[in-house]
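Labels run A, B, C and D following the written order; every chain starts at residue 1.
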Amino acid sequence: MKAITRQKFYRQVDPEAWEAAGISPLNQFVLGFVLLSIAIAVLQSESAVRSVAPGFFIWANWCLAVSFSLEYGARLWIMGENPRYGGSRGRLRYALTWASLFDLFATLAIWIDVLVGVPGIYGVLLRLTRAIRILSLTRNSAVGMGIRLLFKAVAGRRVELGLSLVLAVLVLLVASVLLFLVDGRSQPYSFGSSTRAMWGAMATLTTVGYGDVYPVTAFGKVLAGLTAISSIAIVAMPAGIMAAAFSDAFQKLQESKG
Amino acid sequence: MKAITRQKFYRQVDPEAWEAAGISPLNQFVLGFVLLSIAIAVLQSESAVRSVAPGFFIWANWCLAVSFSLEYGARLWIMGENPRYGGSRGRLRYALTWASLFDLFATLAIWIDVLVGVPGIYGVLLRLTRAIRILSLTRNSAVGMGIRLLFKAVAGRRVELGLSLVLAVLVLLVASVLLFLVDGRSQPYSFGSSTRAMWGAMATLTTVGYGDVYPVTAFGKVLAGLTAISSIAIVAMPAGIMAAAFSDAFQKLQESKG
Amino acid sequence: MKAITRQKFYRQVDPEAWEAAGISPLNQFVLGFVLLSIAIAVLQSESAVRSVAPGFFIWANWCLAVSFSLEYGARLWIMGENPRYGGSRGRLRYALTWASLFDLFATLAIWIDVLVGVPGIYGVLLRLTRAIRILSLTRNSAVGMGIRLLFKAVAGRRVELGLSLVLAVLVLLVASVLLFLVDGRSQPYSFGSSTRAMWGAMATLTTVGYGDVYPVTAFGKVLAGLTAISSIAIVAMPAGIMAAAFSDAFQKLQESKG
Amino acid sequence: MKAITRQKFYRQVDPEAWEAAGISPLNQFVLGFVLLSIAIAVLQSESAVRSVAPGFFIWANWCLAVSFSLEYGARLWIMGENPRYGGSRGRLRYALTWASLFDLFATLAIWIDVLVGVPGIYGVLLRLTRAIRILSLTRNSAVGMGIRLLFKAVAGRRVELGLSLVLAVLVLLVASVLLFLVDGRSQPYSFGSSTRAMWGAMATLTTVGYGDVYPVTAFGKVLAGLTAISSIAIVAMPAGIMAAAFSDAFQKLQESKG
């Protein structure tokens, strides 16, 4: 294979080396294939679906296992074109990056599914990282710019967002301890300790309110009411920080354009 | 009928041809009639209401069927005034627009209700599109400008809003897979597969929390807690994007005015 | 009573005539009294509380009835100082304002409670309007300015806020009809008509999720999931409009100051 | 001990006297120790955890009691370096500050746990104030600036935020009274008084929706639906105020920098 062909192939494989807008055709194909493999693994975990066509899933997993192995090998080989990963030591260095290790483990998970029978669902989350990585490296396109904008807005206010999370955890802790003190005696199973009461406090503070656990004493109800009302602040604070951050990020984007 | 009368009638019928502010009197009447027909179809689906005055609903549906048929015909005929839909071929072209097809099917749904007895509720959603179309084409009025402002703000940030939806789906997927892995064994009916666990993960992530499904293991509760807390970010992110987009849209509106 | 004393008394009574910052001492007292009367009426509706001290509530209601009657009479008399309500015809005109009628009915509600025994809870909501009216007319104070700011921000964007409410109602309607079509057969009691399904759709769309009603079919669950996810937009849209409106209002406030 | 050593030690102890960025090494250690003591108290309240290693918790509480007592004494003694708290009268003045009293009571709570056997969970909330105080006084660091920014944004709009809380309480009150009037007869246990209905109204307004209490009459359901929809406004209003406040605060921060 000639050097120019290899260069072309390399540019298709490595999202960082792709200079045109968007995602290279090859990576679009890989992305679709990864999403398909996730869909198969998710559907397969439902026994009602698997029993309809058990042969299909065995066949599909063999295909996925072979394809991802070939793709892993080809990627490892072609990455030698990247100056950072040249030579056999460079390729080893590439193989030990998080992205590559995640791919390796995700591929192994399918092989273990195929050969041993352990469900391949564990590999799904690893494979997701591939999809996210391809997406996050798209450039000069609306999607790529949107991702960077979202990332910049959140990253630029990570201290404030982190503090509002700390505040939420503090309110959760205080609510848990108080709910334990107030309702612990009347409902020992649900609120009999600070850690148990945390489940009820979480359901109240995030306004999930499953309904399996709720206070029954008058004081407990007042406390749950205050916790639920403080949930408004818990939501309003990060929403406000985000709003200001996006407002800021949009403005800078327009200035850099104009 | 003289050309001028037809022109006047046409301007009343086609919201795009109405030049004064707001909605033409005829279309206001049609809008009211459409909303009435939706209310009748909704009420009729409740057997307790239908049994109070069964005759009324039969009579009302006959009226609606005849009225909407006449209106459909009149609209088709008068649309010939629109240069785009002139002649019999132009009218066919109009009849094949989505708006016109939706109207046709909605009218047929009432006829099927009247003649065959299939409840006309299917036509309700088609008919809604008419109401929305009339509203969205109002111009030079506070409502029309409000609609355009909302639309512009949302459309201008569709990439970022779409990405925050993708993020929500990703978190949902991760939460579903993890809940299946953690609580699948102890509650096979609720969390026995990734797809089943998705219902519980959805209820937690959107903070609906029906309470029919919730984790019982300690790890599952921690996981549900993290999912519920990440729901704050899932709400705060689009809220922040919207806020910045509206802030932007309002400012541009004032500049174009001043 | 001399004219100057009456003028002084009048300025204490009418929030519109009070020129200093905040609320006049007399109206602060009235406000406190009104809030006390609301607290008494609310507590009294709880039989467990009433049975502890039945005599107290009878005595308190007599006091409230007499006080509010005296206050109503005094207010009617002193309002003659207001040029708009001078003379006996002016006083009648004042007595027929909504504010005055609400006060009258609220006072009558206590008398009916005391004399006939009908619980005075009906008068509570009327009495609330008095508290709100006093508060909303405070001027040159942080609270008064805050109220006006809130009001201006909301009123200035009432079209957009109204439209996002219309959108919420549309989504609710569509979700109700679809849930009825999908889950109506399997759960006739909960989703057996569009109107019944509205309760479930409302609980999902507002993310209340009581848990008394939820879809059980696969399609119904997908539909409920989509409804719940669209709830994020339903919350994010008015939050975004409000954020932009407040941002705008704060800015104008600072410009008018500087 | 020489004066310079005491000065150095004092600067480590008093967050207000620490001039470098962030938190002094000693206070970082104290902060970690305080968080550890909170974790121990929380875990200890769970009997399942305590029974695993009862000896550990007894030993840990002895350690904590002795450590905090020593730390309290050392802090009291070294605070004499602060000009405000010099001499024995100054130290008494320091001992009577809220911060110092909270520390004292938190320490006593552990001693009572160790000596008498009353669970030390009561002291946890007091001890939290120490952690918060250390954090809030960090300066010239991202965290310190984030805290001040959050504080400034919230404090600068406390009137508007307070008013939106008053509005939420008003809506809660109105919803409670109406739910009592509408559903009080059919569900006397849940809605039989305004105060009882408040629990259901709270669950609806904050969209917690535990599901233990919900209206069953048609009017009650309509009312709950309206309450739940108004919850959108209840969340959107403070979110909007926060967004504008943060936008303002970020802008001022950048101006003071630039």
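The rule we apply is simple: contacts are C-beta pairs under 8 Å (C-beta built on N, C-alpha and C of every residue); 3 or more make two chains touch, one makes a residue touch a chain.
The shown structure was predicted, so the numbers you read here are calculated from the model rather than taken from an experiment.
A centroid comparison over C-alpha atoms places A as the chain most distant from subunit C.
Per-chain Cα centroids separate subunit B from subunit D by 44 Å.
Averaged C-alpha coordinates give centres for subunit A and subunit B that are 31 Å from one another. The multi-chain contact residues of subunit B, meaning those touching 2 or more other chains, are 203, 207-211, 235, 239-245, 247. Taken as a contact graph, the chains are fully connected, with every chain touching every other chain.
Those residues of subunit B that touch subunit C in the shared complex are 38, 41-43, 45-49, 121-122, 124-125, 128, 132, 142-143, 145-147, 149-150, 153-154, 165, 168, 198-199, 202-203, 206-212, 234-235, 238-247, 249-250.
Residue ranges on subunit A touching subunit D, taken from their complex, read 159-160, 162-164, 170, 173-174, 176-178, 180-181, 192-196, 203-204, 207-211, 214, 221, 224-225, 228-229, 231-233, 235-237, 239-241, 243-245, 247-248. Within the complex formed with subunit A, the subunit C residues making contact are 207, 209-211, 239-240, 243, 247.
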